[in-house]
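Below you'll find the structures, each written out as structure tokens.
Both of the next two complexes hold subunit A, though its partner changes from subunit B to subunit C.
Here is the complex of A and B:
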């Protein structure tokens, strides 16, 4: 087991090197002049554009620029984001907790509902439940999340005034920025509990309901499908027939099959969580939710390259780590993989 | 291939939902083809894809006899935008599928055919592209290249080719061991001829089906990028943009919160039905292609 994990860990720097090279390479396709514009804060500097290019070595060979950039990244210097009006690392620290909060709050129902619906669907194949869950999942991956989000806002905010957009209301803003409020984690739900601010907790939760529901509905579909087909495959196997022949209760049979059906579900789940971190781009924009998704969407419109680069770097590193976690989880779940 | 098509048709006939999907796609095909008749461009318009504006007032107008689907903010006619947007959606879908297939088949084919360090290099590159969340990668590409539909196509193709490359490579690995490849080599055919005339034509059908059924997902992503303002220029007939046009009005007017429902629901439904059509068809094919579920 330790050997397996070590082998996987050894691959990590290689993949990260590839990812960073690709991202950096994409931005290198911009002309040196447009990259120089990132360092220009004052129109008067425009006359000495060539000097800026030389100063920052923007015409150097690729490997030189890449290594220079990598050293800066390693120092935690990702540049300055014009959209956020602060350095990228600081902006990530400011926006990321909100995104984590939203992603976790969507991920839990996705896993629970997705696996539950998928299993139910497989066990009652072609029955009403199955048709219903297939309907839910096919509409889920056909609906444009932004239209769904806007319609939900129309109804639940416009008509019913139940779930407002944003992260918290104005009253809560005062509480959060009060000197007495300790921001332990940046996660409002957790911080409000730790500070004993019940009203804030409820308020933040109300703001999270719609974006989390939108993400859940859109993202759950894939998990339902994978769980269903994986369960169907297991339920058709000999050991299930044997278990039934022994007279095992149906619940016990399903429990057997489900354990074996976990592998593809784990793959999808780890991918889903990171896709969620990317998918929040649209959801956060629709609900004016101040996380990294909304920030990067604004940054992309304003050619705020450091911000887009920083977020891309962050999410792709998480993606790589997520895949690693999935690989290790497989080995835990399935000894065959460990000993291969 | 013909057997596969026959099986597909048999399966389709048994499933009313897949037939419904086919019907939806046929309707969209008809709308796209008949766009100039269904929504006549103004005689003096430079480009039929530019949605005509009826005045410049900011409040959207509700559906009426003159504007069947109402108007958006700035009085863009929704009906016109939906009809011509069908063409935009189809063309984006076809272009992305075509470009990503071409790249995927080339990379996967070469990697599988030559094997060794060359295969290793190409497949690790594929892994790296796959290691980036696709929405983020698409946003990076559009940021670098600037907004616009062509760059949206490029961005979506850039994120979709790796999975096709993997599929093709797998099939090429088995096909290149077959006797007819050996026979061709014995007859003196060169590498390129064997690869492009014998191996690839015999290994691309699954990927062709998978990729073309991805059209729905592609159009959904393109609409999302347009919604974010990274796609079509303002006023261009594009479903994603139609929705973003009236975003400021989703809370309606005072006293009637649903006054402007049509600005979201109508273009949203167009996108939904289009994508649903592809997905319904895709589900039927997936069942056919997945031997485990037979």
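Here is the complex of A and C:
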């Protein structure tokens, strides 16, 4: 198993090199003048644009520029984001924890409900439960996230005043910025627990419920459908018929089949999780949630190239790591993969 | 089956547990929006800078005037009556503080006024503040408001951008300390000078400034601090004023600024303990925050009014007359095309526009006739306000209702477009981006109205519209990167000069970033500024407005009225049309919650 993981990890730098080369190549399609604007912090520098191009070697051959850029990235220098008014690395550190929290909190119900509904749907194929599951999946898949987000906000905040937008309330804002509060991780849920601030924990959780629910509803549809089809395939196989013939309980049969149906589910789940981590811009905008999605959406609108590049690099890395995690999970779920 | 329902039950239980009413009630929490001593305003704009010498946008200025104090201020809603602030008296000829020739103003400086970071205001601090405001003079900044009447110069730099050597001496000679008084001498009589000082050049601490990298007040060093970069001096983000509120935190990440009551304030402390101004781009979210009481007031444009009127506990204060010129459409005569994604190819080849695209008058007139201003007022502005007939709004001397404007006429627009750039624009077509600040719906509508109308005239005409975050929008417009943009002008002080100069004088903010210059307009504005006879001034401004109509550097749309939305528990709001970002923002000193 260790050898398997090591082999996969060894692939990681190669894959990242490919991804960064592709990203950098895309960036190179812009003119040297456009790329020079990255280095300009003051409009007055525009008069010396040619000097900026020379200073940063923006007309150098691709490989020279790529290696220079790679060295900078390795040092953690991703440039300056005009949208966030801070260096990109600092902005990622500032915005990413909020997105991690939201993604994790959404991903748990996505997995639990997605797999449960998918299994239920397969076991009760063409029954009422299956139809209901299909209805949930179709509406989830086709409903725009901003529409669902606004509806949830209107009902659960506007009418019931249960779950407010934002990351936490103003009351909590005082606690978070108090000198006695230690921001160990930047994850408010975790930091509040580590600081023993229960009220803050509950408050932050209340703010996460609606964006997490929105993401759950629109994201789990795919998982439900994949789980269903994978389960149907397994349930139709000979070993299931044999197990049933031998009198194994239906619950035990489903448990066996479900384990074998995990492979496609893991693939989809890892992609979904990385997509969530990459920022969910519409959900974050509707709920005024200060995550990476809202920032990168503004950055993209304002052609803040360093920010877009930085986030693209982050999401590509996450995607690679997500795939690695999925590969490891395949081996955990199916021991035959280890031996292959 | 019962076991299968467990995840659903658990999820629901989780949701209910998190949202149950037994969770700490917001109303009971100090510092929150429901706390009667905390005021929350939710808007779309973010802050550009907190440096009084840099900030020249309404969002920043409105915050600055709560943190800092000028020498005098407007009395309540009046635009002409002033009351003393850092100065113990409002200078007048009657009280002997204004010289008979109208050129010398004496300000007896109030004693016992403390800065937030410690120390008391001295006349030297006031002198430093006035001088710094003038000598800082960043490109497109507010310095000329004072520099011009004091020295007769609109800028500290000549047209080539070179520093004018004797500027420092002129400024130093014009601002002097005489015992407990600060004396300000003008180059020529300028009647609105006190209204300029009611909003601008608030008092900053000289010692604190020097300690945070700002100018130290000496002749030897001022040049280094002339036209600096935005963040190079500590005043940008670490203010030290004397105002009723002090900065607690400015978080550009969440677009949130928090001010707390200054306990050492020289008057009665403010009734509010805390003021929070936060940015939320999505209107529905702002509306829900207002409805839930998590916001005490919000920014909302004319389209949103019907949606706000029926909310319980919310009041809409309508028909507040404005003397601003907002929105307006600006053409940039010399666009910076290098590395600029807003101009496509940067050439007149159908895939972009060249730097001098809008220097062609026919092209500008084509756009002017392609915009349906009346339709905008009727449909977008709910019929509120009247069509602007020039840059001086209704209600100010100099406004000329008989000045013609450009009727919406697509045939006429086509005639102009056909002539533009010797027919090449029509033949090749063009492609560029119109920008507006994100969240501002009326400006978004204007951009799209123009896009649709112009694109319908010739299929080779392509226009993209783009929303840009406020502070970045300002940066890009200041650097002439936006070929055409939609912005507005709120007055610095209520006088025709404050519209003629920024819109038409080649040394001023907009013409500078538009690269527009009309020598006759410059001369007329200079004359009008020095003219004491109101009738003669009015005549001069009428001619400048006629030039604006002929040259069409800018499209003026609306004499506006606006409305304010707030919770009914908000009391003490004072509407003054001159206040920055009014009626959404106001001096928070007078505000409280019932």
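Operating definition for what follows: the second predicted complex is superposed on the first by the 336 of 340 C-alpha atoms of A that agree within 3 Å, B and C clash if a C-alpha of one lies under 4 Å from a C-alpha of the other, contacts with A are read in each partner's own complex, and residues count from 1 in each chain.
Please note the rule applied: contacts are C-beta pairs under 8 Å (C-beta built on N, C-alpha and C of every residue); 3 or more make two chains touch, one makes a residue touch a chain.
Here the structure is a predicted model, which means the values were calculated and not measured.
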### Query
Would subunit B and subunit C fit next to each other on subunit A once aligned, or clash?
clash
### Task
Figure out whether A:301 sits in contact with subunit B (first) or subunit C (second), or with both, or with neither.
both
### Task
Please work out whether A:285 is in contact with subunit B alone, subunit C alone, both, or neither, and reply first, second, both or neither.
both
### Query
Just subunit B (first), just subunit C (second), both, or neither: which does A:205 touch?
second
### Query
Does the superposition put A:144 against subunit B (first), subunit C (second), both, or neither?
first
### Query
Regarding the shared-chain residue A:169, is it in contact with subunit B (first), subunit C (second), both, or neither?
second
### Message
Per the contact definition in the header, classify A:70: touching subunit B only (first), subunit C only (second), both, or neither.
### Response
neither
### Query
For A:154, is the partner it touches subunit B (first), subunit C (second), both, or none of the two (neither)?
both
### Query
Just subunit B (first), just subunit C (second), both, or neither: which does A:112 touch?
second
### Message
Looking at A:36 after the superposition, I want to know if it touches subunit B, subunit C, both of them or none. Which is it: first, second, both, neither?
### Response
second
### Of the stretches 2-10, 20-28, 56-64 or 272-280 belonging to subunit B, the one that collides with subunit C
56-64
### Query
What residues on subunit A does subunit C touch that subunit B touches too?
150, 153-154, 157-158, 285, 301, 303
### subunit A - residues contacting subunit B, complex
14-15, 18-19, 21-23, 26-27, 29-30, 134, 138-139, 141-148, 150-151, 153-154, 157-159, 229, 232-233, 274-275, 277-279, 281-282, 285, 296-297, 299-301, 303, 305, 308-309, 311-312, 315-316, 319-320, 323
### Task
Using the touch definition up top, name the residues of subunit A that touch subunit C in the complex.
31, 33-37, 40-44, 46, 49, 82-86, 91, 94-95, 109, 112-113, 116, 120, 150, 153-154, 156-158, 160-165, 167, 169-171, 173-174, 177, 199, 202-203, 205-206, 209, 213, 285-288, 290, 298, 301-304
### Message
If we count contacts the way the header does, which residues on subunit C are in touch with subunit A in the complex?
### Response
4, 7-8, 10-11, 15, 18-21, 23-24, 26, 29-33, 38, 40, 139, 227, 229-230, 249, 252-254, 258, 276, 280-282, 284-285, 288-289, 291-292, 294, 336, 338-341, 438, 466-469, 471-472, 475, 478-481
### Task
In the complex, go through subunit B and note every residue touching subunit A.
124-125, 127-129, 131-137, 139-144, 147, 216-217, 220, 223-224, 227-230, 240, 243-244, 247, 250-252, 257-258, 261, 264-265, 267-268, 271-272, 275-276, 279-280, 283, 290, 292-293
